[in-house]
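We just call them A, B, C, D, E and F in the order they show up, numbering each chain from 1.
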Amino acid sequence: MLNMLAVDEIIKNALIEDIGTGDITTIATIPADKIITGKFIAKESGVICGALVVKRVFELIDASVSMQVFLNDGAIVEKGDVIAEISGRAQSILTGERVALNFLQLLSGIATKTRQCVLQVKDTKAMITDTRKTTPGLRVLEKYAVRVGGGRNHRYNLSDGVLIKDNHIKAAGSITAAVTAARSSIPHTLKIEVEVEDFDMITEALGCGADIIMLDNMSIEDMAKAVEIIGGRALVEASGNMCEKDLLTVAKTGVDIISIGALTHTIRAMDISLRF
Amino acid sequence: MLNMLAVDEIIKNALIEDIGTGDITTIATIPADKIITGKFIAKESGVICGALVVKRVFELIDASVSMQVFLNDGAIVEKGDVIAEISGRAQSILTGERVALNFLQLLSGIATKTRQCVLQVKDTKAMITDTRKTTPGLRVLEKYAVRVGGGRNHRYNLSDGVLIKDNHIKAAGSITAAVTAARSSIPHTLKIEVEVEDFDMITEALGCGADIIMLDNMSIEDMAKAVEIIGGRALVEASGNMCEKDLLTVAKTGVDIISIGALTHTIRAMDISLRF
Amino acid sequence: MLNMLAVDEIIKNALIEDIGTGDITTIATIPADKIITGKFIAKESGVICGALVVKRVFELIDASVSMQVFLNDGAIVEKGDVIAEISGRAQSILTGERVALNFLQLLSGIATKTRQCVLQVKDTKAMITDTRKTTPGLRVLEKYAVRVGGGRNHRYNLSDGVLIKDNHIKAAGSITAAVTAARSSIPHTLKIEVEVEDFDMITEALGCGADIIMLDNMSIEDMAKAVEIIGGRALVEASGNMCEKDLLTVAKTGVDIISIGALTHTIRAMDISLRF
Amino acid sequence: MLNMLAVDEIIKNALIEDIGTGDITTIATIPADKIITGKFIAKESGVICGALVVKRVFELIDASVSMQVFLNDGAIVEKGDVIAEISGRAQSILTGERVALNFLQLLSGIATKTRQCVLQVKDTKAMITDTRKTTPGLRVLEKYAVRVGGGRNHRYNLSDGVLIKDNHIKAAGSITAAVTAARSSIPHTLKIEVEVEDFDMITEALGCGADIIMLDNMSIEDMAKAVEIIGGRALVEASGNMCEKDLLTVAKTGVDIISIGALTHTIRAMDISLRF
Amino acid sequence: MLNMLAVDEIIKNALIEDIGTGDITTIATIPADKIITGKFIAKESGVICGALVVKRVFELIDASVSMQVFLNDGAIVEKGDVIAEISGRAQSILTGERVALNFLQLLSGIATKTRQCVLQVKDTKAMITDTRKTTPGLRVLEKYAVRVGGGRNHRYNLSDGVLIKDNHIKAAGSITAAVTAARSSIPHTLKIEVEVEDFDMITEALGCGADIIMLDNMSIEDMAKAVEIIGGRALVEASGNMCEKDLLTVAKTGVDIISIGALTHTIRAMDISLRF
Amino acid sequence: MLNMLAVDEIIKNALIEDIGTGDITTIATIPADKIITGKFIAKESGVICGALVVKRVFELIDASVSMQVFLNDGAIVEKGDVIAEISGRAQSILTGERVALNFLQLLSGIATKTRQCVLQVKDTKAMITDTRKTTPGLRVLEKYAVRVGGGRNHRYNLSDGVLIKDNHIKAAGSITAAVTAARSSIPHTLKIEVEVEDFDMITEALGCGADIIMLDNMSIEDMAKAVEIIGGRALVEASGNMCEKDLLTVAKTGVDIISIGALTHTIRAMDISLRF
């Protein structure tokens, strides 16, 4: 599910960043031929994400290190569960340990948080999506972690989705003008989304054929009314500090999508350790 | 205070990630010659970090965009404070907005969190430091944000500091053997740190001349006793889920350094917006 | 309209490729302080594309070279028209000449060919689009040239559009299964396109809500019938060796999109020279 | 025959360009464990070029994909001939299909066109060569395709060959001055070529020891006369829109080399498909 | 002992530099299936360094080439000793020969020179270290060669060591001010070194707790006196054109470290050949 | 005379290598607004090379640093001569000092050594050339330094020159077979060089039209005889540990070229300092 060619560059970069000119502690103290075995163990419950990345971390350091993954990406774990076992040259494993854990804890943290949001709305039709509020340089991995956690991805970047906001509307003259301009230039494979703040804007957006309507920072009542007005003629997305709201209440307004920046901009690493 | 040559690569990477083949919404709706002015405004209190990075984001997109920074890195802001003003081609500013905010919010979040920790121990001699638990690829920026927040940096990577842990000790045979091996191979410009779990280990580490002793996950009582035993013969570092402890209590044990992984592995983006 | 950060890497790469360790002929024969002025002149009619790229080529070689562009991208020129004038150190201009012309001729060739196709269907609603059959490494520029020529872009790559073909259908079990699977995993901002070969497939694709139906290699008669069946419930795209067909006849069947691989896989450089 | 280290970067770049964050259609519809077999089949006659590049495309995506090449680079094929068979995970093969075909069709197109030119002059001593009018970034591959098609390479770039043109002559003062300047500075391993427009220039070039004389845009009669004047004292190269001339007639003037920019600047992809 | 991820980029770069578009001599004259065996032979005595780099050079060119290393890095060889044997496709081996030898001869040259220095002081406590006077881009390898030759590394770069020189002292106001400023901002894992020119400076440096004192260009007598004054309160480093001095005499002054720029800035490649 | 696009990458790489995450000593001790002026001064006689590289080093660190070059590349200096003056922010200048000097000393060292060789043969027709025995990654700069010192460049790499050695001859079957094979495949812009060990090989090489004959490790007497035999029918290159021979004696044998690996494989950095 991941473009490993793109991910490889991220991993190499992280390894060069952390290893510098070599792990001087390990080189000084550990014999080159010493073999060890370690286990990646969850120290709290959550959703695992990044096992393949971890595997690749060690492959890039030392192709002779072997890793057996017991719990694949998406697995729901409890404290104490063994995620994977790794075996090989002690020097190689200790050198890669921190980078491996940094990826695994970050991505599992995102997947776990996503799942918590998804579970809240599981009895509704609402989908939980991410945003472009991701850590610079790690979007491909962070959006993957959102999917692993059961969430869905919003547009990846500025060129593969259209989102017309207030500045675009002002500059174009009206929602209709903006939507028309977009439709006449973008690939026909993309939908057009319009961010609205009130009901008049909704009416205009529907009138010019917007495919998705984003309700920006609306109250629960207004969201419900908006859904009613739209009546299935466009997808409805709720947006704006959603992490601070009761997601089930939001979902029950009937919106199709709840997009949550905090899935990726406010991250709590999942506690996972490598035990020898 | 930042090596901008290294940072430039990170920024370019983030821009290419977010812009893709172009901001199709903006290109379709905003005239190329439209000029706008926007303000970066704090939406909550905190420590600003990343103003220079934001400036560079826009320079790389469009050298004609001008930015005036009112509150430099390290400034303590309240909700509503204007951090910087930006002016130039609307297309360029809207295209760079998200990347600029992603950097600014992330780094200010880290600086703010760091300052909260630093303030807790401000009446003690303890320094707050980061760890290597940073976001892959962003260490140079994240460690900078820790400094901006008043914290100090621990070793940057595996090659510019020596930290002897249990695996190293086991492989070398003893703390003494490990320290001796390290001292005979590392640059003379680096200190040697040993992670200990009990008082016997402290005694041995002191005996072989360790420069820094890391107390790993000790109780407050044990930390205090350890400080007493060490008696100034080595720097003392408290470590292990420090973010979950009362930092002032830890500091009052007399440790010199409190290292906190959560400064960079558990991040809450500071809320900052770009208003037009 | 172009992400110049991404294009810069392509240009630098091309310059390093062509200059090698230096233009040994020019260094040997042209004094370093000699200044010349040259004109880019169309040697045949066509659509100009790449003036900004040419400007950047010379900026990267020597920031003191100045270039005045008279005919911007999209300008329709006749033989003899002066596109731009360039002035500066002769060594720099001669060193960059070939790379500049290689870009300008290639992109203008694509824009010109695109315009020829667009003009054929100008009295219909049909849009001419490109495909992913582009020159490896140059897609961002080639798709830009298609837009400059009046064409539209199909999906940029495998991750920003869904195109369900026979292999996907076979593996998923049916069109309905494939569309359903896609809808449950892709970003909600993307439409779903299905490639069909007969009317039954069209019926099934419509039934499961495909947004775009691609008619693969159908006869003119079948295309017309397909358009009738679809009746506006989905966009209709004609595909399959379209460059060998009469585009107006295809367009008159009522299809919305005609996608033409040959716009970018079969290229005739436009004849443009740099005269001193 | 190819420097695969250099080519690998081109291939990775093309894959990252086309795959983006992943092949979302394939991931959604094709089971990860499904295996398929496909055949690369020529849909028209021509010269195959790029089989090793195609092999490498799939290796980079998924090392477990196997490919058997039946017709190596340089093979002359007819419509229907099977070039290679590929077998492995369906997801991997479908993800790499387009990039593989883009390389194979482009390079085979160049090799085929080159061979058509070479065949025209096969009963003469004339060699067909390429120029520096190549697609930016792909020169190493395109010049390889020319060799595979039976052509020869002209200088690779500005630093590994000397070609003195009118601007160099004007700046140096005379052909003699330019050739002398070049000879006193370039590596002794390189020949010196001078572009001439009339017989006086030829006489001067011979007088100062030019190794190669390029006849620029001369008539057939003048070329024949030039060859006679030169009388074997230098290699003679015919140049200037050669693709629009009868190559056999040009060759019969006795020139040693016919250089043709259109081999690489005007490209018709060869029609090759991957059938499952 | 080497971070091969970082070294790989250096090797690839060197190969691309030397191979260009291919080894045209070898391609023209050597059949693709010809196998040869060669031996790397020392043509003078010295310390071998770079065997693993050589192995990697050939792996990157052709994974089927096999290499058996008889004398690992650090081995002391005499003229005629066989360092390694290589076997595989003649084309691959001849193509990589020069780059392999360039690395091996350079690194062995540095290791050999280092050992010569180390041997001179072997009966003293003095360590021989390198400096930052390394060849641009090769520091990671050159500092490794110093270690292989029995030397020690000084700080790797400007961020992993503190060296306070005259300009820093002048700007800070005094040695004490500079040391205090450094101590309050650098990682606690690093020592602080001060460069001094006379005894007053030593006294001040000791007074403010400098960890290392560098004696810059002092006479033997002054060095001895400085060591006496310091009396073990700081490490003492002798510096300044040390290669032109009698190292044993320097060492006998009691200094701890002798740093020698010439280890890496004045290099004599060791004579090693590849014989077939 | 230098392709600065290629050189820029080398410089950036060297700066990132040396600066790491920042010059921590300078940041701690030097106020950000302090301005200094420094002079690059020759501490011994020699040929300056690298002034433009030094300029670029500081531009990349801080565009506001200004540098005035008094003695351009190729200038012959005596001890005490001022090469250039630099003025600007002290932090920037101190941060770049070492990298700037490393380039300047290395390149001036090569230029100086080259000039010493060139002067020895100045009254003969012999040219001094370099080889491919250059420092990995720095060939473009080192070969430039050779030219600055008055030397000439041999082929740059394996693809822009043909040098047929014993292995090629053995594999091809004979010198004639190897030369013929090369001539039928290489660009017509390149000469063909053959390495010979005895007079029979010379006769054969001449017979098949080799352009250059390299005399490998021949005695002075044999070189003189070889020159006589060749009689101007090919260029004659003397090769093989030339740095250990009397160059004037070699030159007087009448050879055209003396190629010396030691110009670039055995380097003594020229002593140059930056004084404030």
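Going forward, a residue touches a chain if its C-beta (ideal position, glycine included) is under 8 Å from a C-beta of that chain, and two chains touch if they have at least 3 such contacts.
Since we're looking at a predicted model, the values are computed, not measured.
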{"item": "Neighbouring chains shared between chain A and chain C, ordered by label", "value": "B, D"}
{"item": "Topological distance between chain C and chain D, in contact steps", "value": "1"}
{"item": "More contacts between chains, B-E or D-E", "value": "B-E"}
{"item": "Centroid-based (C-alpha) most distant chain relative to chain A", "value": "F"}
{"item": "Interface composition of copies chain E and chain F: same or different, split at half", "value": "same"}
{"item": "Intercentroid distance (Cα basis), chain D paired with chain B, Å", "value": "52"}
{"item": "Between chain C and chain B, distance of the C-alpha-averaged centres to the nearest whole Å", "value": "44"}
{"item": "Sites on chain B at which at least two other chains make contact", "value": "3, 19-22, 27, 140, 156, 159-160, 162, 185-186, 190"}
{"item": "Those chain pairs that satisfy the touch definition", "value": "A-B, A-C, A-D, A-E, B-C, B-E, B-F, C-D, C-F, D-E, D-F, E-F"}
{"item": "Touching residues (chain side chain E, partner chain A) in the complex", "value": "1-3, 5-6, 140, 143, 156, 160"}
{"item": "Chain A-facing residues of chain B, complex", "value": "10-11, 13-14, 17-31, 34, 36, 90, 94-95, 98-99, 101-103, 105-106, 109, 132-140, 156-160, 162-165, 167-169, 171-172, 177-178, 181-182, 184-186, 190, 262, 265-269, 276"}
{"item": "Complex interface listing, chain C residues touching chain F", "value": "12, 15-16, 19-22, 27, 60-61"}
{"item": "Residues of chain B that touch chain E when the two form their complex", "value": "3, 127, 129, 147, 152-156, 159-162, 185-191, 193, 212, 235, 237, 256-257"}
